[in-house]
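I am attaching a structure below and will ask some questions about it afterwards.
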Amino acid sequence: MVEIDHGCKCPGNPLLPQICKVIKITEETPDVKTFRIQTLDGKKPFTPLPGQLAMISVLNVGEAMFSLTAQGDDWIESSIKRVGFLTEALHNLFEGDLVGVRGPYGNHFPTEELKGRDILFVGGGIGLAPVRSFIRHAIAHRKDYGELDVLYGSRSYGDLVFKEDIFDHWPKACNTHITIDIEEDGWDGHVGFVPSYLEEKAFSPEGKAVVLCGPPIMITFCLISLAKMGFSKENVITTLEMRMKCGVGKCGRCNIGSKYVCLDGPVFTMAELEDLPDEQ
Amino acid sequence: MNDNLAKMREAAKRALESGDVGYVIGWGATKFPDKTSPLFMRKPEDAERLVWNEYAIPGIAKYLLDDLYPDKPIGVFVRGCDSRAINRMMKDNRIKRENLRLLGIPCDGKDDERCTICRNRNPLVYDELLWDEAPTPEPKDRYFRANAVEAMSADGRYAYWSEVFDQCIRCYACRNICPACNCKECYVDMTATGFQGKQHSRSDNLIFGVTRAFHVGDRCIECGECERVCPMGLPIMGQTQKILKDINELVGDYESGVDAESENYLGVFDLDDKDEFM
Amino acid sequence: MSVKETNDPKIIAFCCNWCTYTGADLAGLNRSHYPENVHIVRVPCSGRVNPQFILRAFRNGCDGVMVCGCHPGDCHYSTGNYFTRRRFTLMKRLLEYNGIDPGRFHARWISGSEAGKFRDTAEEVTAMVRKLGPNTRYREYARREMSADE
Amino acid sequence: MSKIGVFVCHCGTNIANTVDVERAVASARELPGVAFASEYKYMCSEPGQQMIKDAIEEYGLDRVVIASCSPRMHETTFRKMLKDTKVNPYMLEIANIREQCSWVHTDKAKATEKAIRLIRMSVAKAARDEPLFASSIPIEKRALVIGGGIAGIQAALDIADAGHEVALLEREPSIGGKMAMLDKTFPTLDCSACISTPKMVDAGAHPNIKLLTSCEVVKTEGYIGNFQVTIRRNARYVNHDICTGCGLCETKCPVKTDSEFNHGLSKRPAIYKLFPQAVPSKPVIDKNSCLKLTKGKCGVCEKVCPLGCIDYADEDREFTETFGAIVFATGYELIDWTALYGEYGGGRYPDMLTGLQFERLVNASGPTEGHIVRPSDGKEPKTVAIVKCVGSRDPKKGKSYCSRACCMYAAKHAHQILDKLPGTRVFIFYIDVRTPGKGYEEFYDQTRKDGAIYVRGRISKIYKDGDKLVCNGEDTLLGKQVKVMADMVVLETAMTPSSGIEELATMFGVARDVNDWIQEAHPKLRPVETQVGGVFLAGTCQGPRDIPDTVAHASAAAAKVVSLLNKSEMETSPMISVVRREHCCGCGACEKICPYTAITLEEIDDRVGAKRVKRPIASVNSGLCQGCGACTAACRTGAIDLLGFRNAQILEEVDALCL
Amino acid sequence: MKIKKDKFKDALASIAKEAKVFLPMKGVYASEYRVWDGAGEPFFERNTALPPKELLFPRSERMYEYDLNAGTVTEAAPDEKIVIAGIRPCDVRSVEHLDKVFLESEYTDVYYRARRENLTMIAYGCATPAPTCFCDSMDVVPTDAPGADVVMNDAGNSYVLTVNTPKGEHIRDLISSFLSEGKADDVPAVSCSLKVEKPDDLHKQLIARFDDPMWETLSDACLGCGCCSYICPTCYCFDIGRENRGKTGTAFRCWDSCMFSDYSRMAGGHNPRPTKKERLRNRYLHKLAYFPERYGTSLCVGCGRCIDKCPARLDITNVPDIIQGSESNG
């Protein structure tokens, strides 16, 4: 049973962005780029907790909510997949261009509550992005947690995000299990979908919490697999950040029943979500 | 009226009992005696809830767009205006005749201003006619709104439309009821294209009005539903009437929705079209 | 969005690539002088011009709009300008009906050889629009006086 | 944002004299998305181009705006230049600050301001440019010539001589067309058969020409370079692979039916060659008159055929072939005057002939072996009335246009009558006499000298009185009524497009003019092309013309075909329309407006909730689309857009001007 | 306190000296709260077609200007004093609800707060409910508005005033010269003809019936327009957009409606509320279940505007009726 803090706060006028600069752009995959962002005077815009989000705007185009995947002393980072009009504009940015940033929004992953426990991070495609902040946090505070596993899969090798992390950095601190959907030349790792790989690995539910994020269809099948393996819904955590729009629970889009993803989430346990109307 | 209602209930019941239609669209009562609401009858016994009286005003053809791929044909009661709406949507490739079961009901005219310009009380397309057709009374001035506005000065016209569109709340009820507004995605919902500002400013409201009129113009079936549904009671037919009036002036008798084949005015041209440009 | 004060109108001319744009180029070759107020947007055909472009131009600050193409029968794409003719005959009337002064919107047929006509049209339209002054219509942010936010 | 490079050209002093180039450059630097801005004396020069290339490399530019002369001048130059760089050639915008600014304005301050605005507009548009890639379509090196008259034969021969395969399609059993029917040709009076039959034979024997006689086009798909044409070969009932054309069957066939070739002036058997010099010189069976095929009796031809070529079970057969180019050479036919001119007897009098009937009559190989006699009684006429403009120049009853050849062949007919039957009185009723051609006026003069009587005026009525045909009319020059008691009347009737042209034109998406002649792409500059790429015109399918003009037109079409087929592939402009399927509702407004039939409605699989459905959306054929953008203005949703001139790009230009 | 009706405009004039006064007025096409020009007649017979919410939450509102050249954003700060004279008790209640959303939830909305702090509400006790009114079923007393700064009730040739708040006292001081002492007769009780019976646990029952087929029937006739949400005094959905001018521009927010098909569509195309059934259900449940769950009170104030104006005559009162098992609508 994982307790999740559902309090969300953001100081000042929560709708007003602060102008920041893109200082680094990394091309993760053909349609995912990571943007490192800093204030104009070289500071960190704010300090997000793992799982929290920022509203990032291309000021003359529009804004949208993105999870922050990493942070440093003077920067925050977000990995963004090109899916629509705004993300297209973001992908057209160059280093040095200005963006608007407001946040942090939403609650956060239960970093405190999970102390001392084993954690299995499951991600699919761009779904690794929101989880990354938590993985980085857990690795940075390695001794606070038990065994750490990262199981991550994508359509192809080219679609795997954060290649440096998953192949170089993370294996030093946790068990990484990487899979791609379809066999391809030069790939000698695992081939198969995330849910089946999960079952293959036969993780023990004993004392383990799962942080799960990915496309809806993957979530559905992972939940079936996890249930088979004996994980209870109370121990499976996910994030619904894609439902957030204004970020402050007012514009009216993010509610699932009486829960507002902006005000109560985006991090929920699967048990909590099950109590909500089926409108996701 | 009662006779006709009995015939309608019977027809709806028969259609539902036969299993040939998935459901039948007609009119049902509300808590208020002077208002009816579109009614979807799914079971034969639902036919008893059908009403047909002077308040059975709402256009019901547009609901066909909610169910473009029905498993069984949809039954619809069609008055003249509904039938023109159906022709309109068929011409625009949006609905298919084989998905419709049209129960023709010659209309006796309702107590509504827009019915005074009705040119077709009798349905123009139907599968069966529930009672005999009666001639449509001579319609009043087809362009009554446009004529009134045309008579104003340019400043007066701008002031007039400003007053109208200042009140417009952009709820798009006019669009949603309009059988000619049958795009899958409306341009106003695609803010990224930049054709329509989402602000409720006078300019954007006016531009919405002109653009909608232009999109609908040559395909308007003159049912007047846009005005009926407007919660602010705005005389928006004035825009489409102007376009129709001009078309009629330019090429002679032109009417949309009388069949599902005739070409739209703006979809064709004539070498001898009037040339007002030097 | 404040209405500008100077009387130096901005006029936009949507010109088809094959006739009017060429005609305007020829006006250049001939050193035919016309006011600086006319700005050409090149389009492949007058049939490409969506009436919504005109609304947008007025909304964002143009004082006059021209749509120019090949004479009927001369369309490079054979039929484009016939549709233009129908479309903008209606649109012009509709704009007038909505209180836009007829002097602010012009549709003209100008061929590739009619450099003189291009110059004359540019002069004529500029003079007309200048006389009308800055356009205020379709460029009002506020509706009526409603609240502090205006 | 983008990384736009702005390059402002001085054009020597052409621009720099009127526009403060430095100021323009400085203001361009401030524009959104501009990463670099610079100037040069001549941007189009080698060093100018090199400067742009260097800047692209140094500043990592991803799009380029050049402020210079008209894009009509150097757009291609600069696109070509960009091919060697990382910038896509279509990520280029040109601000026309010479023809549309420095050359037409004098006030330097104002001109500079305008140049700044024009550059701003181009920069705004460039920010929305996207990489486009010209695709090339392979070209099938074969041509299909539709129609085997003189135009088709000439075009086929020219294309074949240039080394390309040609299929020459003719719906009749023989090529030859109308010219094969003629006796002599004006103004030289050389024998038509003598000059056309050798061409027919050449065509039949040419290794690059495949004759498709008795064939019709039933369907076509594809576009320039790659037309898939489905052709139906109508049943011939004679196996041409074995038949030697000995002609025995024709002599034994018991059926006698009207000869089409002789316009009903003689009879032919049911198994027949169209005319003696037919190519291919092999008979076919007319299924409508053959006793075996209509009644199941007879079978004589089968019995007499020494080689067993007769096959009553033959059927129409369809096959599909691919062609890179199409030539329409469908020709003309004469207007059916009988339906239009009741006052001329409506066809009741056998001694009234059309021009083509007269040609057969006067032809040495015709039904009378060239004797000019009345069909009714075989007597030689003493008085002949020739009436011109029957159906031509008569918008009330016939066609408004002039059929162009009639004046000359009327003169020729008069000449032939006077030549063969000296002393005959020949009256020619005319509205005008038009003789624009080499030797034409001289020929007309000669005819008058020969004794032909030209009367200016229309004939209002022709009726029979005894064995005379009474022609009532007015001599408008003298202003008095005239009455001619003729033994024979020749009506020089209007040319109209061949039957079936509507279907054929629709199939290929080719436009027709008000009179159903095929519309050429441009009346002056592109007279042998249609607005559909790869479809060309030869001869009278485009409008009435005489033989020399037809042959010239056909050779011109062939030249166009050859220049197309000489390429192995063709680059198509990538600036074409594209459809956003999720927004398109399939209303078809764009389909109707497209002049190139480039847009069709295509059923796609879609999902509505849990339901899998098929729904129509517009689909653009990139081979046919010419990028006019007419469809975009017809689309209410904005689902169809034009690459290179997207709605968003034009709106950006508008907005940028308004800043 | 009382004020003679013929002194009412004089009193308004005194207020108008320091604040913009809005009155319910008959528009050319529909009634709404309009700026009082010093002469216009108030329209008290019926409630306005448009609710007063746009005075606090404008249809379109500039939030900030941005300037990419300077790298700055400039926040808009509305600071105009506004007095609404003649707001109905149902609409006063709606403002209380909006306060909960914009002021009392996790995030405070600074634009709303600025406007709200500058707003004074003089309520007009309702004596003439429309046939579609059902506020007394939604715990509003038609003749009283505890949330208003001043309440005024018709008493023949004068209005009786009750002051509730310090802002109200300020108004009283402004118009004191027109006031006379005196107690009015008791304001007669007013009752709406449309009655809605709802169980106390309506919200629980509704959520339990989330998957009930009734939502399909209820939404059959829905056209998917935004009429109900735009004329609803408590609907507050919005969208944020921008008007760009080169390197500078304005971010604005404008009303949006959860009834629009594109409203809940996310980037990439997924729509959690794909059809009108889900959308109407969400709107009804938001009013009658989700809001009560979160804030302890129904979001519907019973003004009846949506019933009166719905093009298809959808009726929110049918929802409690169905739950009550007393559906009167056949």
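So that you can tell them apart, the chains are marked A, B, C, D and E in the order they are listed, and the count of residues begins at 1 in each.
As a convention for this text, a residue touches a chain if its C-beta (ideal position, glycine included) is under 8 Å from a C-beta of that chain, and two chains touch if they have at least 3 such contacts.
Every value quoted in this text rests on a predicted model; they were computed, and no experiment measured them.
Here the chain-to-chain distance from chain C to chain D, counted in touching steps, is 1. When each chain is reduced to the average of its Cα atoms, A sits farthest from chain C. For the interfaces B-D and D-E, the C-beta contact count is higher for B-D.
Relative to chain D, the most remote chain by averaged C-alpha coordinates is E.
Centre-to-centre spacing of chain B and chain E amounts to 31 Å, using the average Cα coordinate of each chain. Chain C and chain E, compared by their mean Cα positions, are separated by 44 Å. Chain centres here are Cα means. That of chain A falls 48 Å from that of chain B. Within chain E, residues 59-60, 68, 239, 241, 243-244, 247, 275 each touch two or more of the remaining chains. Multi-chain contact residues of chain B, defined as those touching 2 or more other chains: 185, 187, 194-195, 197, 199-201, 266, 271.
Residue numbers of chain C whose C-beta contacts span two or more other chains: 51, 56, 79, 83, 87, 143-144.
Considering their complex, residues 28-32, 35-40, 49, 58, 62-63, 66, 163-164, 167, 169-173, 175-177, 185, 189, 191, 197-201, 228-229, 231-235 of chain B touch chain E. If you check the complex, the residues on chain D that touch chain B are 514, 582-589, 592-593, 601, 608, 611, 613, 615-616, 634, 636-639, 647-648, 651.
Residue ranges on chain E touching chain B, taken from their complex, read 27-30, 32, 49-50, 59-60, 131-132, 194, 217, 220-221, 223-227, 229-231, 239, 241, 243, 252, 254-255, 257, 260-262, 275-276, 309, 311-315, 317, 328-330.
The touching residues of chain D, when paired with chain C in their complex, are 70-72, 96, 98-101, 103-107, 110-111, 113-114, 117-118, 121, 511, 519, 521-522, 531, 575, 593, 595-596, 626-630, 632-634, 642, 645, 647, 650-651, 653-655, 657-659. Taken together, the chain C residues at the contact with chain D in this complex read 10, 12, 14, 17, 21-22, 24-25, 27-29, 31-34, 36, 39-45, 47-51, 53, 56-57, 60-62, 76-80, 83, 87, 119.
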